[in-house]
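Before I ask anything, let me first share the structure, which is written out below as structure tokens.
Labels run A, B and C following the written order; every chain starts at residue 1.
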């Protein structure tokens, strides 16, 4: 659970992604959508960083920024100490092998016209590795690794269930022996009974292969189980980040508290005694610029200064950081 | 509503402009001039003729003159019928076409809406299937095939109608029916589909609310809803009717602008062709605008935009 | 997996196979497919399907009623003084040789030797054959060796029968040619029952002079023979000299041409135009739509606005103007009709590319290191092909319809000055020839063929579209 290396595998600093909005008859640019608005964290090798937040808070955008499927507006991404966000795509290509992604939608993440073999071997083909026979070996190996019956090699995605398709996606992500895998809500689209299977698989693979995960989800229970450190995101910013146990036992940020209060606890006695924190108002548009705390409009403990004072992640206890000036440092 | 109309008013004349410009330059781009066939005139007269029709000026200037005159409503002089202006010719031939077109459209609307509604109400009955089958035929079979076939059956064999001619009510029916057929078919289908969708929704909703569903109210609501796509179809339908009239007027020898258009194109009568294109285009724009207004009034989403 | 497993791989069912199955279940679409394929085969193999040369005019049998079978009797050539006639390039019958037979009477002085030489290199031999089928008034009574006795209106005659092949350049010095009629005043009439073989692509020209007197014979404009004679009767015969039988399933037109054969060749023309114009629209539309979809943003909006504006124009007017201005060459038509259809294709392709762009497997391919080209060729194109195929199948009948429309208005396409007779043109001919309604077959059959073809292709296209419907993907 503790970081094994002194320097992080992945380091993100001040990452921002603003999308221009074009409106009107001539598509003039009117505003920006601040999908990711200044995110920083470290990810250490062999650990799992869980990232939670509501839909639209920017988690998926963040994932794509790290893998450079989108170009950042500002900020920096360092992988193994090397800056990868500013280099040319050609130079970045060699790093691609080391960071891969598993997608949320098992339907849309696999090309329906390709066989399982083609899908899993695609990364291998692109990187020019291996002859056909060797490729097939590797593919069968991977299938075995993720728990897929090798007899299905020639089948097509639509002939599989959701859970099996995710396994295919995971096998594909593992093809190039990456060091880090970004899991973008990998179980959100699956049935509950299948979710645990896939989660167990991911954990197993992490141990066996020494992988590092950035695990994105909106389901708190799922994230708690698999993560070492958890970060909570709201409107493009991280509002709280701590080790999993600390976060769940004593959440500090009002948003985190509200989120956690909605998660049912299996003990009816405790459940009855709990107070639900209901958030008023709707999620504000990510177009608006919030000089102060982005949560101010819905925060149950908001005060006058919240809207104007910019919030930064401060360490309030050891390895527990919060972006709320109302939380006292101990 | 206003914004919606504004956009449409900008858009439609643009279409007209493109149509006119394309026609103009296409005709001029072809080799030869309309007087080439008339030999035996001495060059002096030829020169005068050209000057009269502005053919001696550079192309862009001709275009400019054309547009300017157009805006003033002057469609120029015919190159074939030298003693008449295009305006005269058009005015002479316009009424039959408009009459034919309007009758066909009305016919299509009435019959189409009626049959579509009944087919929807009596879904999966003999009436439904047979109507939809006929509709399929109506859509697939080309006008110039159906027309002569109708002539064959009704005029030659049954002697119900005269074969060609234009003037009395009797002679009106076959051409109007021929022209109206594909649109009737399409409207019928649109109506039926639209109504079925709405009926299903409505019955599901109200069936639970009340024990009895008031069919009459549901039907009225359904008809209103299903009319929307029909009305919006009238826009492109007008363009198709115009194209169709070229054929129908030829078959039945109706002295309309469609007939004139084909002839004048074959004769390379520049001004007449362009004048007719202008008339067609204007009618089209007018109809489309009308349809848009009516649609805007009916569709609550647009009305309150 | 360290040992090699003898694993049997279960074959998967690709989406194409899936869609194909679904298509098969749609009965109307299957019928449409069969009919279309049949017609396409007929169009391709027209020469072998056709019973009669579609250009062969049988002026004896104008407006022949459907279902007739008859011997092709000797035709008279209806011609005006000084006019020349030619048989069209002999391209229609597959094997490449055609035989024509005509009776030529030549006046020669009695006992003079006759020259018959072939001056054209293309005529390798001239055959003088037996007269097997005789004019009605002549009867063969007896055969004595190489002499035969004929009886005809004016009595009986014994003649030498010849069966001789004459090679190029050979002079016939000692030939007595069979005679069929008596000489008059010391001059004999020489009747040659001449069967001429001409190879494919040759033009046979019979030079006539007043009242159908055949004066000379030319092959490919080289004079082969000249005659001073009276007599005509030209007839196409089989190799053994016997006349053909013509079966006219669907009747004959104003010039006695077989309607069925004309329809078969009309299929070729209509299909050709349909396919080529569709290909033109394909090239333009796919390129335009793909660029618009791929680039996106402002470029895309602009490009689509252009499409919207062009969509509002009643296209046929422009096409008519185009055809009347630039002539009716078929190539103009290809471009004109292709230019009409590309809009829809562009919209479809653009829509598909746009929706594909967002798909996660494209991102996955990029995360796996794939560059633009890789994604384009491996992912985008294969996934767009389905949609393109469907709309191509729906475009072809549309084009055929439009071409028929134009032919109907008198703007049928031409190639090198000759009108190409598509179904539309045939329908128009049918209407013209309707007269007072008795020649119904000339209108009904082309019209029906057109309608059935369009139906079938539309059903097929609709079926394909439903089969490829993404909502049904994966379901059987």
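As a working rule, a contact is a pair of C-beta atoms (placed from the backbone, for glycine too) under 8 Å apart; a residue touches a chain by one contact, two chains touch by 3 or more.
Please read these numbers as outputs of a predicted model, since none were measured by experiment.
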Looking only at which chains touch which, which shape fits best: line, ring, star, complete or other? line
Relative to chain A, which chain has the most distant C-alpha mean position? C
Based only on mean CA positions, could you tell me how far chain A sits from chain B in angstrom? 57
Where the CA atoms of chain B average out and where those of chain C average out, how many Å apart are those spots? 35
State, to the nearest whole Å, the distance from the C-alpha centre of chain A to the C-alpha centre of chain C. 65
Residues of chain A defined as touching chain C within the complex: 22, 27, 64, 67, 69, 93, 96-97, 100-101, 103-105, 108-113, 115-116, 122-123, 126-127, 137, 140-141, 144, 150-156, 158-159, 169, 172, 175-176
State the interface residues of chain B toward chain C in the complex, per the touch definition above. 11-12, 14-15, 18-19, 22-23, 26-27, 29-30, 140-142, 144-145, 148-149, 152, 156-157, 239-240, 242-243, 246-247, 250-251, 261-262, 265-266, 268, 273, 277, 280, 284, 288
Complex interface listing, chain C residues touching chain A: 1, 5, 7-15, 18, 297-298, 301, 359-361, 363-370, 374, 378-379, 382-383, 473-474
Using the touch definition from the top, list the residues of chain C that touch chain B in their complex. 308-310, 312-314, 316-318, 320-322, 324-326, 401, 404-405, 408-410, 427, 430-431, 434, 436-437, 440, 443-444, 447, 450-451, 454-455, 458
